[in-house]
Every structure is written in structure tokens, then in C-alpha cells.
Amino acid sequence: MILSLDPETIISAVTHALNEDIGRGDITTRSTVRPGVNARGHFLAKQDMTLAGLEIADFVFTTFDPHIQIESTASDGEFVPTGKVFARVTGDAHVLLTAERTALNFLQQLSGIATVTQQYVAAIAGTAAKIVDTRKTTPGLRMLEKYAVTCGGGHNHRLGLDDGVLIKDNHIALAGGVTEAVRRAREAVGHLHKIEVEVANHDQLREALAAKADIVMLDNMTPDQVRESVAIINQHEPTERRTLTEASGGITLANVRAYAEAGVDLISIGALTHSAPSVDISFKIKTA
Amino acid sequence: MILSLDPETIISAVTHALNEDIGRGDITTRSTVRPGVNARGHFLAKQDMTLAGLEIADFVFTTFDPHIQIESTASDGEFVPTGKVFARVTGDAHVLLTAERTALNFLQQLSGIATVTQQYVAAIAGTAAKIVDTRKTTPGLRMLEKYAVTCGGGHNHRLGLDDGVLIKDNHIALAGGVTEAVRRAREAVGHLHKIEVEVANHDQLREALAAKADIVMLDNMTPDQVRESVAIINQHEPTERRTLTEASGGITLANVRAYAEAGVDLISIGALTHSAPSVDISFKIKTA
Amino acid sequence: MILSLDPETIISAVTHALNEDIGRGDITTRSTVRPGVNARGHFLAKQDMTLAGLEIADFVFTTFDPHIQIESTASDGEFVPTGKVFARVTGDAHVLLTAERTALNFLQQLSGIATVTQQYVAAIAGTAAKIVDTRKTTPGLRMLEKYAVTCGGGHNHRLGLDDGVLIKDNHIALAGGVTEAVRRAREAVGHLHKIEVEVANHDQLREALAAKADIVMLDNMTPDQVRESVAIINQHEPTERRTLTEASGGITLANVRAYAEAGVDLISIGALTHSAPSVDISFKIKTA
Amino acid sequence: MILSLDPETIISAVTHALNEDIGRGDITTRSTVRPGVNARGHFLAKQDMTLAGLEIADFVFTTFDPHIQIESTASDGEFVPTGKVFARVTGDAHVLLTAERTALNFLQQLSGIATVTQQYVAAIAGTAAKIVDTRKTTPGLRMLEKYAVTCGGGHNHRLGLDDGVLIKDNHIALAGGVTEAVRRAREAVGHLHKIEVEVANHDQLREALAAKADIVMLDNMTPDQVRESVAIINQHEPTERRTLTEASGGITLANVRAYAEAGVDLISIGALTHSAPSVDISFKIKTA
Amino acid sequence: MILSLDPETIISAVTHALNEDIGRGDITTRSTVRPGVNARGHFLAKQDMTLAGLEIADFVFTTFDPHIQIESTASDGEFVPTGKVFARVTGDAHVLLTAERTALNFLQQLSGIATVTQQYVAAIAGTAAKIVDTRKTTPGLRMLEKYAVTCGGGHNHRLGLDDGVLIKDNHIALAGGVTEAVRRAREAVGHLHKIEVEVANHDQLREALAAKADIVMLDNMTPDQVRESVAIINQHEPTERRTLTEASGGITLANVRAYAEAGVDLISIGALTHSAPSVDISFKIKTA
Amino acid sequence: MILSLDPETIISAVTHALNEDIGRGDITTRSTVRPGVNARGHFLAKQDMTLAGLEIADFVFTTFDPHIQIESTASDGEFVPTGKVFARVTGDAHVLLTAERTALNFLQQLSGIATVTQQYVAAIAGTAAKIVDTRKTTPGLRMLEKYAVTCGGGHNHRLGLDDGVLIKDNHIALAGGVTEAVRRAREAVGHLHKIEVEVANHDQLREALAAKADIVMLDNMTPDQVRESVAIINQHEPTERRTLTEASGGITLANVRAYAEAGVDLISIGALTHSAPSVDISFKIKTA
């Protein structure tokens, strides 16, 4: 998995989230709980889930207080069944109480993404296709959410607009066609970048192949249209370095396997990140 | 509506999101589209929705280029039916292409929250209860998401841990009971703060009333248990300044009206912010 | 004491102050004192004072060099008599010399505030009133100065404009009267906030009581006028949850007891933070 | 006056102060005053004062809203008598209400410093001495406070530790004497820096003169001791480029003229910045 | 040219450079030149050069004062002969004097890079090869220096470690060989990235071709060795999508044409950015 | 040596440079090298050089991973001959591979400056003159480059515009002459600053002496003109505190000794920082 989270990204997100929640201080905890009390808390899965974000939850507590101890019995990317306690936190009760919600917010949302991703990955098991994400992520959490996708067994598409060339319908319209758009991109971008172009039909597909696009995104096609597109490509370039294909648009858990069986290399799904519901996790605290 | 978004919060979120997406530059647009081309784009609702975040989408474009013109035919908080074009953007094609995804990410997620909130508000129409949010928000987007809740007709609970006293089960356990927890809070917090305390049953409720809590959160009770709780309170304090009640936990679109009719003042729902799916909005561009 | 200083607030203030003083480097120390010399310094009270800011002075030194050792024989909130050495610092002579002035600037100004506050608190000893501060603080040092007030035995009013509702003369004028202003505030703000309103005379006081304000600020009244105001309130609402009173304006060490004896709950004094003179503390260094 | 305030310093201080006070929003103004109302406010001197910080107060309002109009009838450095309205502010009532306290906090504290400084300057009128400030400033406000000193007719000593060589008792002790300390400094610092050294008695003074110090600080001497010191210097170096003298320590409004008449070039006073009480200024608002 | 400089990169570099130079203020200009004087300055080339950085110089002045007017008679990427005045600046004399050195520092260093790059580009005119830069750039100025390379007619290699896969000798050693390193990279990186691998001899070259590397970097080879390498590749893959070649190491103005004529696609030269001397430009000011 | 680098300056430059190079992650290393492998790297001089920046290279690695071990056999300011391994780094292979280029970029450029400076210093050995740098430094690296100058045996001129008064031709023109410019500066700047003025001929020199300038910069004079200037000064002020001289403009390794022998105190050379080529250093890694 190439996308391991670097500490700086986590720390920045965690610090921002803690500041946002705590502001000038947790007035309830400060006023009701004596300082210096030790406590223990545990995270409990209240539904089946694929875990993501445990390291971040860990950072939430230790950013507050480096003396907090965390022990976990599961890791990011693992399946956790309903009822399992997957991590325990020990330390100052003030820290546990104040940081609890921020830790849960990360853990529940990222595990939500991993859980949904895993469902798509399972649905195409045995095919050659890969599930990939999109740039339809929560503003500010791009890298964390893309990491959660990998925890669920998915792969990452572009991390940002600087990270790959993907020529879409709007670019094609403004460039004056697929051929011209691909030609311009090849001339301008560095020699290490491949060029992907979105095609809406078989005419555009043939134009993209003639222009030697490295990848074609088959936009809003049915599984049958996708199957025909793959056939066209195989006819055109039977060599090993043939153009790759990506299916995109209108793909659900119900039809994803049909797309995979149609022969595409990549299936991209925005809902992995923009609509995954949080999973349910509880955190209970008692004196240590 | 007390929560109007201040420009600084928006600018900070927008700048962060743009940097995250654009990195060292949008290599596709720069290479395929000639500079200096003017274009027009329009936002189209692809499902029924309550709008939220239009001002933020506006900031996304104008942060890039102050010459971008935006005209809208709907405002935050309004219902927008499927098929309606609710805003048009005119300006440099590079800006439209590069900023499009970030603008959509904000708009789709915030309108998703407003749309779900509005469904809950509609479900309790005619009762005296209010729908309120929680602190179960996306890390880093707290204020924007709470703003979206108000666009959907909901109200805001605490904005953060410094913004109100809410004594929960974990605090009660560590303080040694409801009575002691409320007493400590009253002694320590400023004279402008009310004190809310979570109660799990009628014994705790009576203890909270005796301790003169200003609000009680009725946690994970059925509508019937809530109704009895309200009756206990009315018996205890028939005056105008009686203790308020908040129902919390296990509340869905299906049962929310039963809670409202049970007589609570506030109904808090985490799913407004942690599990609202994005709404579907498209953005199409053509030369101006 | 609910306002304990969180490390982040201190670190930010300390770092800013050190940068401001040191700029590109302490050219005197670097040029005149050999590197690697160990030294000892001690803080000596040159007048009677109530101590505040010792933890911050500590941070000033350790931000520079984590190996600096500090031992103190007094704590924030304690009385320190003239001539007492209340802390000793051991470590690299360069660090002691360069950080000395910044540490003293914090310590002298915060102890100045604590010392003045303590005089007001002592002056009303035995009454039911509390001394509270205001928002008339030094720009940038709000939280540190409010902390110093608590070291002197005072209490904190609002920490900022977001932290409580206080309707003042200017708001009343623009809202069209006390009744309307209170009504609007109650409708708009969250259920956890109380509402305080400033009244200038008994008519406004009665209007505030009718509007069910939670607290009234009695502005620029004499002790006798305050006493009458308290009587009016007690007549109006003999219940336990009666409206609280705050005296404000024109209060000095000479007359503060008269206000306290007039029966107010809170006495707010801007001079605690805006006009407290620094206390005199020396810091002498010798080789260790 | 060499110290004019650069916009960046002001903007940074103003932004920090506004954030500190406003936090998540001014809940009183937002809830009680309708948006879109225009208002007028005026600043009124409630005591005689020398004005400082008007440009900063201006920035406070315009940082919020560039449409705010400010007209003033006095400038920084001018005397303003009790009862004079010296500035008027027109614009959105929300902006005036929310920014008022921050503007006043700057204006009252900086004018306090200018007012005290002007009293010292007046006290030595007609002598050749100059009043200078010290590094005993409020952490974070160094440049603003030093600017206020110049508004009162004073001059600035070092702006920070990098801005001049001042060898004090602690440096002398650690360097092994005045001669060695001055020698080391001359060897190490750049050719554009003069060297000032603190002396506690006439022996140290003679040592400093022999070492060719450019300035001597006469520490905690009486006016008579200062007069003798000046005589020693005049004997030693009758040339035009003789060593300058600075009197420091124990100087008050009552004795400052005696020091000036003793022939020193500079008189430094920490109390200008560390103990000047705020002046009293009111700000009243009405609808425009 | 795909690398146009975005305003944010320029503003950040310019602000940092101005702060670094100006610190607490330009004491010479403030003290010697009256405020409010208008002046004109002109930039004069004192040697033949290819211009780069004019837009940045422009930002330096206008960041200080938006009223500064700049007119130029040449653009980035153009040849400017000795003695030509290529830009004139009009505005406040203080701004011109204070910002002059920072503007010149950018302009002289970036034009130095463009000038050297242009010499390499001219030296291979008529061949199919491209001159590309490396990551051997000045820390903090990567994007500006890579922009200057394009002004001189060069092309950009990777902008950073995240912007392309380049497997070097150290990676090969740690991965256990070219074959394994390429295999791992292909498996892990996104589908939009090509894979470049450094080879030191023909054995490694053949291994890289077998592993289907997209580009090979021919490291420290003579022009003859490069020619043989190109022949090996052409034999191996006669198709249009053959592996590209990059020559690297030991390339100078004297031998660069021999490399280009040996048939490589890319020639990378660290000295473009790490050793280009500044060009000589003067800036003279007179009253307007 | 007064200019020792403070950790904050280094950390800020290092962090910025690492972020610039690494962006979202080193995709080559992450994909080709297994995590958890230990490795050793060594820095090897590939030409004779004076070392500068070793501490910074150290920070580059340890900022990434505090467990990295670095041993060096040379220090900043020392001569290192071709072929010498002067430092070894041990630790996680990922850290070594990812941080290598940033470490080298600092080390090669700063050692380049130290190496050139040392050549100038050697060229004037035995004379009384000092080699000093200028403000012609790389934007953003001023302090590091000035530190490298001291490693080569040079001295530092002003660190910035706030750090000394240097009246140049443009100031003189706008002030209306040398006499007036010096007079204004003396009146306005603090008592700790000396005043340097640029003179272009003997008339201006005499004017500067009459105005009691502390230092004169002899601009673009030949060694003979410099010798005459020094004679004029010695005639004018035979005392110990005579005006210092600085030669500036057109000075090269070939003629620097002639300037030194002409009797100047300081010789300033922009090329030390603006045109020093990088030295050649390699870094090779193998498994530990």
C-alpha cells in the first residue's frame, strides 16, 4: 500500500479538530471531574465494520498528553465484529473525557469509508478490476479519506489536480476535441505522466486510441457498452502496453460486478468518500 | 438565525481545500485549455434538495479570481427541485475548471446535511419541539456543518466543549453522581452558563431536578419514557422557568414525531451531520 | 478554579514574545559570554505581591532549552513577601541571559494583576459578592490576564463575545428597548446560554425582570441605588431561581465594600486588567 | 520620528485581538440587532490625554468591514482635553458593536502610555536630555507600545536583543569584568553597532571609558552621582565623539528633572510601558 | 509552457524575502528620506541575459504598496542586451528604496538560471533532445527556479518526490535489483504514473527494458555509451511506445551537443539551478 | 563568531525545504523499498572544500526521524579534501532515501559559499582588512548564507535593513546631499547605531567626514583611489575613533589584495553569496 499516512498530515488534522472542538477549554470536565484522576476507556464496535483511523485516534489522545497509553487488539484494515472491544485507553480522566469526541469523529467516519469500500471490493472478488476512489472527498480530509479507502482494500486515483492528467468533457469541449486535447497534454506535461481521457461513446473512444491516450475513462456507460469498448481497444492495440480502461458513473453495489466482468481495469466510485455513513462505535470510561 | 458564517471561517476552509486539491497546479487544465478563454458554467440540481453552501461555492471561485461573476436564482435554506439550474458562473475558463470540484464538494456535502435536516424538521411540524444537532461533525468542518443544519431549519446545540455545560454519563461516574456533578459545575462555571445533565432513568431525573439542573438530556429513552419524564418535571416545577428537556439517542425519521409529541423541548440527532449522503449536483462548462 | 491555562495558549504567547524580543539573536550575550557556561539565577520579590505567571516564566526558559531546571518555593495564587526568593533557575548562561527579560515581563505584569485583584477580594471578605473581571484586557493576552485574576481570588466574566449574552446600552438602543432585545436574544441563542442585560435605572430594571432576564447589570449606580434594585428584584421573584445582579462602573477599592454590602451577586472591575501596575521582581545570575 | 508603524505589524496585532475577543461570533449583537442597520459611533475623551493608537482603532473597524468610514479631529501625538469627541465611525451597526471593545482596548492602553510619557517629557523641558523607553513592554505589543512612547515625545531604546549591544551587570559578571566584556563585544559584533555598558560606580565607569565604550548606562545612581559621572567623562574625553550617558533605575516624575539637569544624555524609564494606567475613553453608538 | 507561476507561490516567497530583509523597518530610508516623495526607478541590464522573474519583482513592489506603477519593455523568457532599460517603476520613494534589493535578488538569480539554461538549449538546437532540470535547487525556491528554467527554454523534470517515480541506484540496491524495483513500483503507484529507472550499464539497461520501464536514465555514460544504449532500445522495442532515454551526469556546455546527437530524448543538468551565477542588473532612482 | 545559527531558523528552513520536495510523499521509496530496513549512508567530498551546513544536514534527517544517528569527522568551517568521507548517517532506509536530496542541497550550496569566501580571506592574509558579505543573498536563506560566510572566515555586514544605517547613492540623491542625509539619520536613529555613508569621490568623502559619518563606503574606486581616500581620512581625524572605510564594487579574487593593501578596514563582496557555485558532494547508501 503506497499511501501510508505521514505524521505531519495526521498532526495537522488532529490539532485543527481538537482546537475546533475545545476552543477555550472543556468547561464541563474541568468543573465536574477532579484533576489527577486516572481512568480507563474502551472503544467498542456497535456494528460490523472494517477499521480505519486507529492511529489517528491514538494521535488525538497523545497530542493532548504524551503519557496516555493505548492498546489495541485490531489494526486498520481489519474486520471488527459487533461487540468487540478493539482498543483501550488509559490515563488522565480529563484527557480521556475532552478528547473522546474528536477521536470518535475521526474513527467513525474513516471506518465508515473503509467499511463501504470493503463491500465494493468484496463484490468484485475474483475479477481483474480494481476499485478506485475519486476527488469527491470531504474538504480538508482528502488524504485521510484516501487512506481509509486503502484500508477497505480499494486503490487511489489522483490525489489532486497536480498528480495526474485526466482530460474530462469540459476540457475536451474547451480544447476543441479529444485529439487536440491529448496532443496538447502530451506536449506540455512532464515525461513521467500518463494521459487519461474521458470518453462518452465509441467515436470518442476511437479518437482517444488514435491519439494514443494511455487510459480511457468510460463515462456513464452500461456494462454492455463497457464490454464493447474493451473489445474495440483489444482490436486496436493487441500489445502488452495497451490503453487501460476505467468505468465511472452510476456504479452501485448492485451493478459493480457486472462492470468488473465487462473487462475494465479500474472502477471509480465517488460514494466511497462522499456518502459513506459513519459506523457506530462507543467509548466508555471508568476510573482506573 | 444566529449562526451566520463569518468570512474568515469560510476563507480558511476554502483555502485549505483548494490547496489540498490543486497542490503544485492543475496540470490538465494548464496543458489542454488555452489561457485567456472566457467560459460559463451552471450548477444543476440532479435531485430535490435544500440548498446550503452557495456562498462558500462563491468564495471558492472568487478566492481564485476576484473577476469571476456568480448569479444565483436560489439561496441557502431554499428548496431546489430536480432539474433546476440554481447558479451560473462566468469568467476565465481555467478558474472554472480548476475550482469546480472543490466548489462541488462543499455544496454537495452541505446541501446533503440541509436536506436531511429539513426532513426531520418537516416530520415534527406543528409540535413545540426543535431539531438540534450534536458535536458528531466532520473534523475541521464543524461550523460549516452546523450552518448547514440551520439552513435545513434545525437549531444548534453546543458549538464546542467551551460553549456550554453538558454533564454526561462519564462525567457523572467520575464525579460520584448527578448531585455532586451539578453542584461542582454550578460553583465553577461563569454566571452566564446554564447546566445540562444527561439522565438515563427516572431516578437520575429526580436527582437532576433536585439539583436544579437547567436542562436534562433524556438519553436513549422510548417516547413513552420521555412522556413520563416530562410529566415528572411538570409536577416538580410548575413555574415558568422549569427545567427544559432534550431527547437523544436512537431517534430516526420514523420515530421522531413520537418524541416530539411526547413533549420534549429539543430532539438531538447525530445523523444530521455524521451520515448525511451528498446530494447530486452537476456543473457543466461551455465557452462564453 | 475552572480556568486552568492550557499549554497551547502559553506556548503561543511565549513563542511570540521571545521572537519579538530576540529577533535575529541576542548579540550582547553571544559576544560577551562564552558558550557552554552554566549559571544560576534567582527571582526575588522586591515588594509584597500575589504571584501569577510562574508556570509561564518556566515555559519561557524551557522553550529555549529543555534542560533548564526550575525550582520554586511558591505557587501561582500565593502571597510572596518583599525579599523572598521564590524561584531558582539553573542551566546554560546564554539561555538565562537571553530569556530573562521575557520571563520577567510576563511575571511582573500578571503578578501585578493578581496583586490588585487580591486587594479587591480582601476588601469584600465576608460578603456574598464575587469580584469579576471584564473584557478590558490587553490585546493578545486575554486568557493569561483572566487567569491572573483567578490567581488573585477573582472570578471571570465572559471570556469573549461568543461566550455569553450581555445586552448593553448600545444593543438596547438599536433593538428598540430592553423587552425586545431580551426577546430576540432568547429566541436566537442556544438553550445553554443565560441572558444578561444592562439597566441604567429602575424602570429598565423592571422591564428586564418582566422580560425574564437571567442577570441584570446595574450600570453606574451608587451603592444605595444598588440596594434598592436588589429589593425590587426580591419583591418580584422570591423564588430560588431569581435574577442575579452585577454592579459595574465607578467601583474603586474605597467603595467596593459598600457595593458588596448592598447585596449584589457580582462586582465587575475593569481596572483589574487594564490599569494594574507591574510588580517589582529582580533576576540575578551568577556562574553555577 | 523613525518608528512609524508598518501595516503588517498592526494587522497582525489587530487580527489576533479580534479573534481572541470574538471567537465563534458575537452572539449578543447577532441576536439582538437586525442586520443591515447603519449606525454612527463617536469616541469621547473622558480625561485629558495624549492620543496614541488612532490608526490602530481604524484598522480594527476596517479589518472587519472595509466600508466603515472614520473621521478624526485629532491625530496620534496630539493632546486631547476631557470632553472632546476626537473621532467618529459610521457604518454597519453589527461591525461597530462587535469591534468596539477591541478598538477601545488598543486606544486606551496606548494613549495611557503616550500620556505618561508626555508627562516625563514635559518635566525635563529645556534640558538636553531625552526620555527613552526600555524592553519592559507587554509581551506581544512591543512595537505598538514603543510607537506610543514616540507619540508622547519620548525616544526608543533598543527594539530587541538583536538591535543593539547593551552589556549589563549579569554579562559583566559572566565575562569577568567590564574591560573583557567590551573587548569581546567589539571583536564580535558588526562594524555598524555601538557598544553600551552598564556601570554601577565610578570605578566601573573609568574602566568603561578606558575600554572605549560608546555609551555608559549609569545604573541606580542619585542625581549627584550622575553629575560626578558626567564630569569624569568630560575630563577623560573632551572631544566631540565623547561617550554618551544614560541614567536608569529609580527615576520618577518627581526626580526626573534632577537627573536631566545633572547632564545625562538619556533617561530610561520602564514605567512608561509596564505601569501606565489606561486612559478613559467612551464609545457611544446610535442609528445613523 | 505548463509551469506558470501561481500567485500564491510568488506571494509567499516575496513576503518571506521582504520580512527577512526589512525586519523591524528600513531605518536608513525612514530617517534620511522625507515621507510622501514620489520617485522613478529603472532596471538596467549590465550584461546580456535571458530575463526571468519580472513578475516577481513586480510583486515585491506592489506587495508593499499597491499604488506602485511598473512598465516593462521586455518579458520573462526574452533576450535582453547589455545596456537596455527593461522596466521602470514609479511611486513612493520609500517603497522603491526599501524593496529594491529584494526585487533585484529575485531578478538577478532567476535571470541567471534562465541565461545559463538558454545557453544549453542553444547548444543542442536542431536535435530532438530536450534540456531538463533536476531537484538540485535552492531550498525554498524550487518552483521559482524551475519556472526560470522554462524561461530559458528548458523543460522540467519532477517537481518533487511525489510527482513521479524515478528509481535510482540507492533504491535498486535496497530493493535487490532493477527487475524487483520496477515490479514493486508498478504494483504500488497509481495508474497515471510512468516509471523511470536509472541504469549504469548495458546489463542494467536490458534488465530495465525486460521489466518494461517507461523511461531509463543513462547515468554518467559517455556520448558513445549513450548512442549504444539507444540502439539497444530501438532493437528491443521498435514500436511507437518505446522506452524514453535520459542522459544525466557530467554534462557540460562543451559536450552537451554530443549527447543530444547520440539520440537521447532528455538531457538533465543540475548546474542549471545549483550553480548559475547571478546576472548583473542595476536599479537607479530619482525623484519623479 | 557572533552569528551562530539558532535552531528555529534552521528548523523553519529545513521544514519548508522538505515539504517542498516531498509534497504528498516519496512515491518511489515507498513503493520500491520495504519498510523497516536499516541502512547506512556516507557523505563524500568530490572536490576540495570548506565545509558549511553540516548541522543543517543533520536537522534534515532528524526532523524526519529522531532516531537517525549521524557521526561526522569534520566540522563547519573546516577544510575537507577531495575523497574524504566527512559524515555517516545510520537509520531507517526510507528516511535516508527521502531526505538525501534536501540535505545535499543545503550542504552543497552553503559549502560553496564557504569555499569561495575562504579563497578571498586567504587572498588578503596578513593585511588588516576583513572580508564582509552583502545583502545580495538568496531570498529566504539570508541567515544561512551569512552563516556560511563566517564558516569561510568572512564577516557579516548588515543582516537586514533594520540592522544598521547605510546611506547609499539613492538616499543621498533624495535627501539632497551627504551632509543633510547624515544629519537626518543621526537625529532619527537610536543612540546605539553608527552611520555609514556611501561616497563616490573625494568631495563626497570630505563632506562625509565633516558630517562625522562613522564609516564611509568607498564605492567602485580603484585601489589607488582607495589609498588616497584613506590618506584623507587619516589627515582629517588622527584620533583613535577615526572613521572606518569599506571598499565595495568591482572586487575580484585577482584584485582583492590590492584593496586590502590600500588600507581599507572592510572589503564587501556580493559574489560570496549570489554567485558561488555548489560544491560536489555524493551520498551513497547501503543496507546496515
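Letters A, B, C, D, E and F name the chains as they come in the text, with residue numbers starting at 1 for each one.
The rule we apply is simple: contacts are C-beta pairs under 8 Å (C-beta built on N, C-alpha and C of every residue); 3 or more make two chains touch, one makes a residue touch a chain.
All of these numbers come straight from a predicted model, not from anything done at the bench.
**Student:** Touching both chain E and chain F: give me those chains, sorted by label.
**Tutor:** Expected: A, B, C, D.
**Student:** Need the most distant chain from chain C, centre defined as the mean of C-alpha atoms.
**Tutor:** E
**Student:** Calculate how many whole Å lie between the centre of chain D and the centre of chain E, each centre taken as the average of the chain's C-alpha atoms.
**Tutor:** 47
**Student:** Using Cα averages as centroids, what's the distance between chain C and chain E in whole Å?
**Tutor:** 55
**Student:** Quick check: what residues of chain C touch more than one other chain, meaning two or more?
**Tutor:** Only 2, 23-25, 27, 30-31, 143, 159-160, 162-166, 188-189, 193 qualify.
**Student:** Building nodes from the protein chains and edges from chain pairs that touch, which of line, ring, star, complete or other describes the result?
**Tutor:** Shape of the chain contacts: complete, all pairs touching.
**Student:** Where on chain F does chain A make contact in their complex?
**Tutor:** Contacts found on chain F: 24-25, 27, 30-31, 35.
**Student:** Which residues of chain D touch chain C in the complex?
**Tutor:** The contact residues of chain D facing chain C are 13-14, 16-17, 20-34, 37, 39, 93, 96-98, 100-102, 104-106, 108-109, 112, 135-143, 159-168, 170-171, 173-175, 181, 184-185, 187-189, 193, 270-271, 274-275, 277-278, 284-287.
**Student:** Any idea which chain A residues touch chain E in the complex?
**Tutor:** Its residues touching chain E are 1-2, 132, 155-159, 162-166, 188-194, 196, 212, 214-215, 239-241, 244, 246, 265-266.
**Student:** Residues of chain D touching chain A in their complex?
**Tutor:** Interface residues on chain D, with respect to chain A: 23-24.
**Student:** In the complex formed with chain F, which residues of chain A make contact?
**Tutor:** Those in contact with chain F are residues 2-4, 6, 143, 159-160, 163.
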